[in-house]
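Here chain A shows up in two complexes: once beside chain B, once beside chain C.
Take a look at the complex of A and B:
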């Protein structure tokens, strides 16, 4: 290099990602304005897609990046939802405040749940989280003030008076029930975007680099001072918080809760796993692709009941066996396109890239 | 509450859980694979026995003799064509594939047999009981328990006194080196899963004759089996029996206090054991 200094830069930006940032901003703006030009039924579909997307992002962070395969995410959905109900029905809180309370409760549950489940390795962690979800479900079913095993409903008047509903009602002239849907939809949009943004920021940070190193070689990562356990605990906590918030929001919109529905392994974990696996585990784009495929399949096969779940399961198995990187992974490896790049690239210096 | 009776019932129920768990324990011990569809495979085997009993008008025990080789075949095919592809250092593929299999099996059974709960008729054995002092013990629960003991005796004999067992243990220790010695790990794995599924058929017989079942109860059986294996300690089949008995006793005692606490009491016993004895009571495997 005879005296000449070479400037190296570590970047994650790609040309596609810059273009995507602009497109994403436009899509978010279009999404925010959606209640003005989309019918209520479409808005409810979008609500479903966005909440599933947020759940999928948080599970993907757990399993795809931290190697923590949880089959017990329904514990956090259910607890978040139940604490939200308790806040509204028993404490007479505003549903919006109660949603926050639900998220916090789920994050708090993650502390003892984590202490317990982290004693189990790999596959046993998976079933351990499932046991925790069962315990929470059985305990909540004893909560007689919230209907015990049969569940209870949210009085319609409480959601009608939720923060913002009145404002939407007056500004846009929606009927109150419709205004509730609009507010819920906006919250879902906010949560989904925030979940993606959170995962993206985390992976691009120092912690993200540490996480990737733990995933690739735990021993080597520990040798350079990465505290794998602490990092995994942090991810577990963050994912519980997001999952709890989403669970609470879903049940504000559903307005009817029972332990079996709120702690359903099919609805809150199986669907989410298939979304992430089909879309591409270990990528941020994967769950986005996956949730769209999932929704299309659901619309297509909605009339066939259990056949729908069979098809979903079979697709999941086939993808895992023959294309474990999922649809997005296939696309990205063919084209090299990354919309939300987290891989660090070394640029500059004498090497052209 | 009659304590002696409750505890005896708990111990006998533990035999059923040990039967659920024995196959899981064997497969995990040999290839470090946790089959999340294990419970659904038990339910599948129960339907298989039910169909044999219903259509051929067989005695359930004779139906079991037919079901065991069929389930062995199911296990062999499953391992050879699906699960062997998932084995490796990454734990995601086997977990997600068996989870998918669980969902497929559950919904396939729902589609074919509907959600109605069914029961395998076992004739006079349904209600037969014998008296020990002041206690009345059902013949079916007793048979379950002794079947569990017999299964574990035979498995231990197989593992420690036969050529096949030596191949199992060698593959478990180091699949690559075992391969150099002329053992084909994939074939060994297929036989192991086949044997696990034959045991599943035994478990299914007792599951189906002792209580009602429907396509959705698989996951709960998986959880009980898992709790028995962990409480007993990985790698020890007698430990699995002890784990099953602890779970069974916790459930019957909890249920005797308040019927709503039956399942919960079992889970809580599991959590307590794991907190104070993280590796279970009789750990053997180093994992």
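Take a look at the complex of A and C:
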């Protein structure tokens, strides 16, 4: 038949994606060098953007690709941050090591949390994850050695002796406090880029395709041999790890922690959902667009107090009504442009389009 | 050794016995048709074979091994493929990607190793021109063909077809029969539930007649069509 003579190949690249890869490499280089030419305040803004982006990518993976709509990601931010504090304050560890410890702790928390939450579906899953986060918050608030319900601070000396800070201080002549910010900023850049790269690699693998099949039709996916449960569990675990690492890093930079702040559903889940939904859920580009819009709104409306939240809510509703695929989704469907393509196109033979 | 064996299989939904002491076996390379009125328990029988529904009693064996308690996913890996009565494509994936999922997850192979096989199946099932179209945008015949192609991509030894000819025009049905014949000729064992009798009789060697969850009779299509009991139950003719 025709099949024997035709050479088939699979194409995933687009012209836009090749151009984007080059631009992305340049942006990352510019980002790495940013401490040399940007003022400290801008660096702190970038730190905020990058950490929110990493959180958004990990929530997008969970909700947009695995269909696991969690509103309890603050459990992993908070636990990651508190374990980092414990590592630094109680065990006298280097903050960098403590950040890793925080990430691992969050991943470990995801095991029992997942066993409980995976018994629930849809809205019940969402509420279940929130309940878990509240339980963890109440437990951590009992941790007297870390200040209980009122929280505690990182002694300034600990972060100043963090790996790399001294090097930055000596090489570039920044003051120690500034050097801490620079190191934190680089770590945030690393985490954000790693999160995007991890999601992209996953989606390009056959497991990413399997994940999409589970999202489209779980029963049919099982019938063709996809282990839906295992895939979802792995995604849940990976997203908890990233979220925990980011949480720990955020609180190294903040240097002041309390249960209410570290387990805030508004800061670590509601804003993250806003970013993903505005930008475009189920796309890698979406959270990048979303975080920029979010940051701009926050700067613009910073002086308006609680009106700020109402405006965010209104914008969220408007986007959901008129661009349910988010701003990036709207743009991509109008132009057909994909910067990080995951679609596999079969080429060869009598194939149309 | 039979490739598939059901031994006194029983399944009830509440007080309703949908599978009542069913025993039959299928030899490798055979094509068996299953007929019976609506509600006779035909699709449930498939669900018991694939493991989507657990049996209450009895034994299901595949290639001599007891699979009665095996998960559906594992049975797929073992070589049981099926099409669903109502096609359930992965709508946001392309036709080709639908097959790649089935081929790479069903056989645990890398994506690059299954490209050629997926393309071949698309050629054989007449879907190749729509390879890069989103599955959600396909019409009924193409959805049915995709259902078949996706099942084939899992590399089954036994293929369960659930009313795949239903709702098609005469011409569409004819071309589908040719496709299924070719699949059977390639060595895949087929068990086919169908109301379109002429389609079934063009392919199968034996017919099993099911009514109220019970096996009424099993034999060659000619004998079954001539049997008074079958005519009465299935065709609703008083004899």
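Please note the rule applied: the second predicted complex is superposed on the first by the 345 of 353 C-alpha atoms of A that agree within 3 Å, B and C clash if a C-alpha of one lies under 4 Å from a C-alpha of the other, contacts with A are read in each partner's own complex, and residues count from 1 in each chain.
In the analysis below, a residue touches a chain if its C-beta (ideal position, glycine included) is under 8 Å from a C-beta of that chain, and two chains touch if they have at least 3 such contacts.
Keep in mind that what you see is a predicted model, and the values were worked out from it rather than measured.
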item	value
Chain C versus chain B on the shared chain A, clash or fit after superposition	fit
Which of chain B and chain C A:210 touches, first, second, both or neither	second
Touched partner set for A:127, first chain B, second chain C, both or neither	first
Vertex chain A, arms to chain B and chain C (CA centres, degrees, nearest 10)	80
Which of chain B and chain C A:320 touches, first, second, both or neither	first
Touched partner set for A:119, first chain B, second chain C, both or neither	first
Touching partner for A:155 - first (chain B), second (chain C), both, neither	neither
First (chain B), second (chain C), both or neither touched by A:139	first
Contacts of A:226 with chain B and chain C, given as first, second, both or neither	second
Shortest span in Å between Cα atoms of chain B and of chain C, once chain A is used as the common reference	13
Contact residues of chain A, present in both the chain B and the chain C interface	none
Contacting residues of chain C [partner chain A, same complex]	50, 52, 72-73, 76-77, 82, 84, 88-94, 96-98, 100-102, 104-107, 110-112, 115-116, 118-120, 122-124, 128-133, 150-151, 153-154
Interfacial residue positions of chain B with respect to chain A in the complex	28, 32-34, 36, 82, 85-86, 91-97, 99-104, 106-108, 110-111, 219, 222-223, 226-227, 230, 260, 263-264, 267-268, 270-271, 274-275, 278, 287
List of chain A residues in touch with chain B within their complex	63, 67, 69, 71, 116, 119-124, 126-127, 130-131, 134-135, 138-139, 141-142, 265-266, 270, 273-274, 277, 281, 305-307, 309-310, 312-314, 316-317, 320-321, 324
Of all residues in chain A, those that touch chain C in their complex	1-3, 6, 8-10, 205-206, 209-210, 212-213, 215-217, 219-227, 343-346, 348-353
